Each structure stands twice: as C-alpha cells, then as structure tokens.
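In structure tokens below, several structures.
In the two assemblies presented below, chain A is common to both, partnered first by chain B and then by chain C.
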Partner chain A sequence: MSIIEVENLKYRYPDLTDLVLDDLSFSVEKGECLGIVGENTAGKSTLCYALAGLIPHFYKGAYGGKVTVNGLVVREHEIAEIVENIGLVFENPFSQMTGAKKTVYEEVAFGLENLGLDRKEMHRRIEQYLKLLDVFGLKDKNPFDLSGGQMQRVAIASVLAMEPDVLILDEPTSQLDPQGSREVFEVIEQLTEKGMTIILVEHKMEQIAQYADRVLLLHQGRQVALDTPEKIFSRPDLKGFGVTPPVVTNISKALNVRYPDSELFPVTIEAFKRLEEAK
Partner chain B sequence: MNTFELKDVAFSYSPDIQIFDGLDLSFDSRTTAIVGQNGAGKTTLVKLMKGLLKPSKGTLLIDGESIAKETAAQLSRRVGLVFQNPNDQIFKTNVLEEVMFGPLNIGMSRSEAEKAAREALQKVDLESKVDDNPYDLSLSERKLIALASILAMDTEMVIFDEPTMGQDFAGKEKIKAIIEELNTEGKLVLCILHDMDFAAEAFERTVVMNQGEIILDGQTRDVFSKKEVLEKAYLEQPYVTQIAHALGYNESFIHESELIAFLNKNA
Partner chain C sequence: MNTMTLYVEKDSPVHRLDPLVKLLYVFASIALTYILPEPLFIAGVLFVTLLLLVIGKVFRNSLPILTLSMFLIFSLVIVQGFFHPDNVTELFSIGPLVFYEEGLYVALVLVLRVLVMIGSFSVLILTTSPDEMVERLIKKGMSPRIGHVILSVLQLIPQMRATTSKITDAQRSRGMETEGSMLTRIKAFFPLMGPVVLNSLNETKERSIALEMRGFGSSTKKTFLNEEKQYPYNKLLAGIIIAIVILGIVWRVMV
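Coming up: the complex of A and B.
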C-alpha cells in the first residue's frame, strides 16, 4: 500500500455551489516529493487540508471519496491522532501560531508536548530545528514580534520538530528571502532521502522542477495531470491552466532546445546546459 | 507628491537592537523595489513612512516638508500601505464593505466610496466577489482584496509589502499592470519584494537593504548585476541572469525576451 492514497475525493465548502475538489485520485510513495501546482483558487490549499484531515474534521461541507494516509483513513480518525503522523505547514504562518505562547521556544515546544517526549529530547529537537531554519537567535522573542519571513521560518521549524512521516508544505517559502528559500528546499531534499514523504505546493516552478519527483497539475479542482516535471512543464497547453514553466524551460521552448527524439524540454539549468553543449 | 525623503532616521523596537541608525533614503517618480533578507527592516521602514511607527531620531519629508505634525488620519490620505499579511488589514465580513472602509474613513461619501471600491475590485478581477466574506476566500484572493482596499483610497503614494506573495502568473501580471498605471497617473510607487525576477521585470530602480542599511541603490539592471553584494545580503540574481551566467555570458540580462533574442543571434 502507498503511504498516501486518494480515491475519488470530492469536496465542497459549506454554502458553495461548485466542488472545490472534483474527483481526485492518486497515490504517493514513501520518500517521494510530490509537487502540486495550479493557478490561484485551483484548490491546492484545500487539497492540503483534506490530506491533513482538517477537511472534514474542521471544515464541514460536502465530502466524498476516501483519503488514506499512513494507513489511517483520515475521515475516520480524530485530528489529534492524525497530527502525530502528518505535519502541515500552513500557507499563512500566522495561522500556525497558537497565539497562546509568549516565546518562539515555547511555540515550538507546544506541538512536542503532545507527543510525550522527555525534556531532553524536546530541548534537543527545538534547538536543532530552530537552528536549521536560522531562527535560534530569536527563541526568546514573542512570535508576534517577528518579521513575516522570521515567522514563516518558525512555523516550518515547529512542524519539522514533530518529525512527521508525511509533511505537507503549502507555499512554505512565500515570504522567505531567496537564500532562505533555497535552504528550505535543501532541507526538504535531505528529509525525503531519509524516507519522509513530502507534499509541496509552490508557485516557484524552478524549485518544483528541481525538487519534486512528480507534479500534480490542478485546475478548478480537477486533476489535469500527474507526471514528471519534464512532462508537465513541456505541455503546450500549460498556460491555459494558469501555470508558467521555469524560466529555463521557456527559453528552451523559444530556442527549441529539447531532449533528443522527444517532445520534452529541460526544466533545470544543468539539463539545459548539457543539451546545449551536445548540440 | 514628487518626493518622499527620510533623513538621518533612527528606530528601534527595543533598546538592545537598533533597526535603523541614521538612515538616509528618498523616493521619487521612479517605480522602486526594495529587496533584502528576512528581518532586514523593510516592513519597519514602510510602517515609519506610513506613520504607524515613530522614529526616535531624524525627519521624514514629503516634497521637502516634514510630516512630523501630520496626524495619522491626514497621512492616510497621502500614503497607502498594503500590508504584508492581509489578515492584519482585513476585518470586515463582506468584501465590498472591506474595500469601502478606507475611502469612507478618509471622508468620501458612501456613493463615492462604493464607486471607488468597485473600480478597485475590477482592477484585481474580483468584482464578482463583492458579496463574499473575505475569510471564505483563498489567501491569494484575500491579498488582492487588501490591495484593492488601498487602491480605492486613491492616495498620492502607494506602498506594497510583498504583493506577489502567493500569486500565480495572472496575479503577478495584474499587479504589474496596476503598478504601471499608478506610475502613469503620477503616483509614487514603492514595493517590497522577495521575488527577484518580478523586481527585475517591473521596476526602474532597486534598493537593497541589509540589516537596516542601504547597500545598493540604483538602476535595476545595475543592481542585479552585482552578484557578490546580493549574495552577501542573502539574495540572488534573477533566474534569467543566472541562466545567462551558467551559459558563460557576462552581459547582465534581466528580461527573458532579451536573453532569448541574444541566444538566437548567437546560435
């Protein structure tokens, strides 16, 4: 069995008339990084909520189909049980803050307290993950006195510290400076190598191209395609779904630099260079 | 408004950490992007300009006149700020009411305010959402609602704090068009960004802030050619520039079309 199995998932928020998730079916293997792309309002964040169990436990509305994560049928288990295995980094870091803790340190400790870890292990993890995100120096600050990017780093650290089996990241670097953003993606790569499964929603297609094993293209709640970054970004109809490929793929298309005997274009600078040199 | 200047400005949230210490910076009719690492002081700078924070030293001047005596209410007619986090700005439960709030607050009549609000919502393509609750919308839509609320106030200067955050291609194109329109109308436009490609494409001038200091300031193309300085400030060059360098070209390209034209010629 795959670590994530989605079967005919349908969902509509209360009071809406149209389905926001319309018959999605896919599975994700352990240690895989699945990228999710799509235009604004395609349903990306909603899908994240459904994978993490916030739908249907927190957001009511019409729900159909089945989501199984790590052997748990999401609909049949309490949120408290689900969060032990599935971590979700919200698109707005503000939503991640408990609002009840006076320091960044306590904020990260909050999630860990429910895991029943001993003091020493808790301290070790808090220090490790705050340092990983380069915010250990802010540990005594009030979480609400941070800059936007600093808060986003704390939000990521607090979820990573739980060391979940499945990690869902909804535009995790939207407020990070370019190098901070690159560092987060490198961390993601290391985590998948250690067997963590990652779902990554991103508008930065360069990062999806480099770090995602496969990409799910969503449009108006429907699953348009689930394929390798090369296949997705080489689609001639991509723009019609409100998605633009990485800059290097655009340039490859304009110059007709493609893989030999195929319709596929390179999606990373390295691949582009190799193909240019081979010409 | 022709210029907004900061002279010898100092500010700190707490005595132990100085965010600005003698900052000099001025803005004019050139569309300007501010880039810099997380925590550099970008949001703090624009909150000072909007009068939400008070400097401990120095002067802020509009067209050469100090704004120290202007009340927050007076200043809000002149300087509009779209917050980094839309949740800090939105508090009504109806989109139209939300966008009308600012205009009403600066003294427009209800009918004027409604007209301004509808026009602003049209600019961000969200006129169909007038009756919705902003909290039932996706974050990217909420961000555009917050932007429309400021546009509706028709201020002489518009400041955007990370407007492209969470936006797709179409959203970014809308924002680009809005910036150009504001500039054509003669307004001052200032934008904080983490998206180097967007900064390179849409702004005449780029300012790099690092730990409360300005370490680069000039024409966008020149600023983005300074790889080492940018990296020191935790930034990167735009992807187009990176691609050109990876291919061994030293010219500094900042637009996709430029690089394509150049590569075609050299092919």
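Coming up: the complex of A and C.
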C-alpha cells in the first residue's frame, strides 16, 4: 500500500526561473526506506519540503502536480494537519531547537502542546521517544547544552513524538562529527527495523546502501531512476550525476566481484563478503 | 546555559505569588504615584515595594538595577532644583546658580516615582521566571506566537552572541585585527556583520520551518505540559491591590 504518492510534481521557487522539481512521479510503500541521492542542487531538499507540505504552504512559487501523504493531498491541507502524518528532520540540529524551552523534556513537549494533546498522553509519548532515542538521561538538560549528535537525537525524538507515519531525514548527519553521525544512524537502523516509513537524503552513500530499500536518483530536478541500491550504484553513468557509489561498490568493480549472472555489484560490506565467500 | 533573564531562583512567598498579581502590583504601584503625588505617600509605596524585595530575598539583586538609576536621579535633582519654572524659595547657591526648595520638592516626587517603578519591576522580574510569566499570560489569552517570541529571544540572543564570538575568532585566526584602537575595532566590525546577519537569517528560516513541522501554526487549542499552578490568596491579593487603587482615586477626588 502506497503511503506517499507523487504525481507529475513540478515546482519553481518564486525568485528562480528554472524548475527545481521537474515532473517527478513515484510512490513510497508503507514501511519502506527510500533513499534520495543526487548532487547539490539536484532538488533533494526541495522534494522533502514538497512531501512535508512546506511547499506550497511555507514556500510559495509555481507548483504543479499532486503529492498525497496518507491519503491527504498536501496542497489542500495546512501544514499543521500534515505534520501528524509526516515529520521532517533536517541537517542543522541547533536551528531545530525551538529556543523557547529550557529542558529537553519540555522541548519534546512543544509539538504535542501544539497538537492539543492531554497531559497524560504527552508524558507517555515524551518518555517513550526519549527512551527510544536514548536521550532520556538528558531530559532535564537545556537543549542548547547538548552535543550536536545529542541535539539531533532530541530533534528526531521531538518529531517522532508527534507520531507521524512517515519520517523524512534530510541530511541529518551532515553537520555532525563521526560520533554524532553514528548515534543518529543507530536510531535510523532501529526505526527501519520497527517498520517506520523513512525518506532519507544523505551524501554518505554507504548509509543509503545499508538502509534504503529503494533509491531515487535526482539530477537537476528530474527523476533519473528509482530502483534498488544495487541497480542505482552499479550504473556506469552514476558519476555523471554527481554521485559516487559506496567504496565497497568501487572495490567490487575493480575486483569484478558481482552478483552471479548479473551486472550488479554489491553495495554493502556484508554482501561483498557473502559473494567473496561464495566464489 | 546563558539566558537573558534576571530571574533569581529562590523559595520565598513573593516567588510563590501569581505572576499576574505581581504584574498588577507593578501597574498599581506606578498608578498610585500619579494618583497621589505626595512624597510621603509615594515613600509609603516605595517602602512596601522594598519590603517585597526583602521578603522575596532579592533585595541585594535589585541594588545594581537601583544603582544604574542613580545617574537619572542626580540629573532630576539638579535640573529641577536649579531650573524648575516654579522655583521661588532659595535653598543655596553655587556661583550664579541658585538651588530652590520648590524644585527640590518636584525632584523628590520624581525620584521617588522612579524608585517605585524600578523597585516594582524588580519585584516582578527578579522573582518570576519568564516561562511562568509567559505561560500564565498565554493561558489568559495572549497569543502563543507572542509568548514564543518573548521566550525564544531570552535564549537565542545569548546564542547569537556565542556565534558572533566564534566568527570573530575565525576571522582573528586568519590574521584579521579585531582588537586595539577604536578605528581597528570599527574596521573589524563591518566584515563581522555579514556572516553574523546571514547566519542569523538562515537560522531564523530553518527555525521557522522546524516550528511549522512541530505544529506551531495549528489552530487546535493548545494544551500545556505543566499543570496549572495553584496560587493561594490570588483573588484576595488582586482584590486588595485594586481596592487600594480605588481608595487612592476616591481620596484624590474627595480631598
């Protein structure tokens, strides 16, 4: 069952002349992890905004086509209605903190207060998601006193506490150190295992290869391909779209380690090992 | 974590008062100094205000604020004492300048009024946490957006200051002179403003996206994580303050 349906989506920012999203059509199944890759200015973040309803409600401009999330046509519903269906976490953890709350616990409560939830339900959700993100021990700390990785996990907890069906992660680790990145990816792993629908935009292709069920390759706002990570990262023309495959795929290409009777190369170390052992 | 607040966290009867009652006291005490502009009466209001600061265990914290007002107080005494248009009775003279009793009287009223204003605002600011104040005002019907602006400014301005300091360090590490004469500092100020302003604008845009994604624009009736605090004698205290103001008005009209 498709939880997201995008039909002929086109979009241009008010101050630009070219389309940033040019006739995109795809769907995302419930429980799927969709990776979005492409060079800078490919339209990845803009697509995330369009899925979350920020386009056309927050960013105006020329908009065409249709985006449906959980049966809601985003163009016809306010962001406040959409946020209960889809959550967005982006790269800068600092600017995702509201700035109005003095503790991590209250920070997570912010969205729930806006949804008008009763106090008992708020406490239940806050504790559940702080524990899920392993930041319950920080609940009394000021959000601005946390490290980047901790702050990003609080941002994810704050969005997850609103219990959306889909979580969009737009380069969630690009401003984090290796430790912070590892912490965030551990959370993503947990969420994919729990069957959450995730849209993941990431420049670290190893992570896309590891978590994504399918990968959407964008180039200059256009949809080049939507396929399995193996098919996308085995494309000989991939570098032309500004995307470098995972290191293990490059090594496999050099060593000619590929899936039997196919042109596809492994994209994870585990798959590489299995193929090597099977030789 | 630095926040731009003067609130002093202590346990005192004044801290436990309803922020709205304290706000009412601020307005009432200032209004009374205009309704009954007699030095003795204003001194009485000032005495109550200082007593509240003492009971609130924040009298010492209010001294720097009162000290800051000394320049204004001296100016008032000098200007009114020497130059008030109703000046008649000479008190003393310094060369050609004569200091008058009428001017001193007017200055005394003004000085006491300023002290009441500063004191009563100190009672409010030093004994009330901004969160409690804003939450109480939102519950009374103030827009949550205004409340958010007030609270976020208190935390985000120190954050902006930290960003400015980081950018200054980055520029200094690349050889830019940021210290020294006034001219050097002015020269360093302009290159600093570009990155600080752009960074702030970018963060503001991102933060507004984050707020939208947390349902900030929702028309649903907002609820609150913290239970509504019970303030004993709330109505009684508010009633007493209002009654005193009314009595003051009646006194002014009758006498």
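Just so it is clear, the second predicted complex is superposed on the first by the 251 of 279 C-alpha atoms of A that agree within 3 Å, B and C clash if a C-alpha of one lies under 4 Å from a C-alpha of the other, contacts with A are read in each partner's own complex, and residues count from 1 in each chain.
Simple rule for what comes next: a contact is a pair of C-beta atoms (placed from the backbone, for glycine too) under 8 Å apart; a residue touches a chain by one contact, two chains touch by 3 or more.
Keep in mind that this is a model prediction, so the values were computed, not measured.
Engineer: Record, for the superposition on chain A, whether partners chain B and chain C clash or fit.
Structural biologist: Chain B/chain C on chain A - steric clash.
Engineer: Applying the touch criterion given at the start, work out whether A:Ile251 contacts chain B, chain C, both or neither, answering first, second, both or neither.
Structural biologist: Only chain B is touched by A:Ile251; chain C is not.
Engineer: Which holds for A:Asn40: it touches chain B only (first), chain C only (second), both, or neither?
Structural biologist: First partner only.
Engineer: Look at A:Gln179 in the shared chain and tell me whether it touches chain B only, chain C only, both, or neither; answer first, second, both or neither.
Structural biologist: The first partner, chain B, only.
Engineer: Kindly classify A:Leu72 by the partners it touches after superposition: chain B alone (first), chain C alone (second), both, or neither?
Structural biologist: Touch partners of A:Leu72: none, neither chain B nor chain C.
Engineer: Is A:Phe94 touching anything from chain B or chain C once the two structures are fitted on A? First, second, both or neither.
Structural biologist: Touch partners of A:Phe94: chain B and chain C.
Engineer: Go through the superposed model and pick first if A:Asp145 touches only chain B, second if only chain C, both, or neither.
Structural biologist: After superposing on A, A:Asp145 lies in contact with both chain B and chain C.
Engineer: Looking only at the overlay on chain A, choose which of 8-16, 62-70, 98-106 or 188-196 in chain B hits chain C.
Structural biologist: Among 8-16, 62-70, 98-106 or 188-196, only one stretch of chain B overlaps chain C, namely 98-106.
Engineer: From the superposed pair, tell me which chain A residues show up as contacts to chain B and also as contacts to chain C.
Structural biologist: In chain A, residues 92, 94, 145 are touched by chain B and also by chain C.
Engineer: Show me the residue ranges of chain C that touch chain A in the complex, using the header's touch definition.
Structural biologist: 1, 3, 131, 147-148, 151-152, 155-156, 159, 202-203, 206-225, 227
Engineer: Help me check something: in the complex, which residues belonging to chain B touch chain A?
Structural biologist: Interface residues on the chain B side: 13, 36-39, 43, 84-85, 87, 136, 138-141, 162, 165-171, 194, 196-197, 231, 234-236, 239-240, 242-243, 246-247, 256, 259-260, 263-264, 267.
Engineer: Which residues of chain A touch chain B in the complex?
Structural biologist: 13, 15, 38-41, 45, 91-92, 94, 145-150, 153, 171, 174-182, 203, 206, 239, 242-244, 246-248, 250-251, 254-255, 269, 272-273, 276
Engineer: Where on chain A is chain C touching in the complex?
Structural biologist: Per the stated touch rule, the residues are 49, 52, 54, 58, 78-80, 83-84, 87-88, 90, 92, 94-102, 105-106, 109-119, 122-123, 142, 144-145, 155, 158-159, 162.
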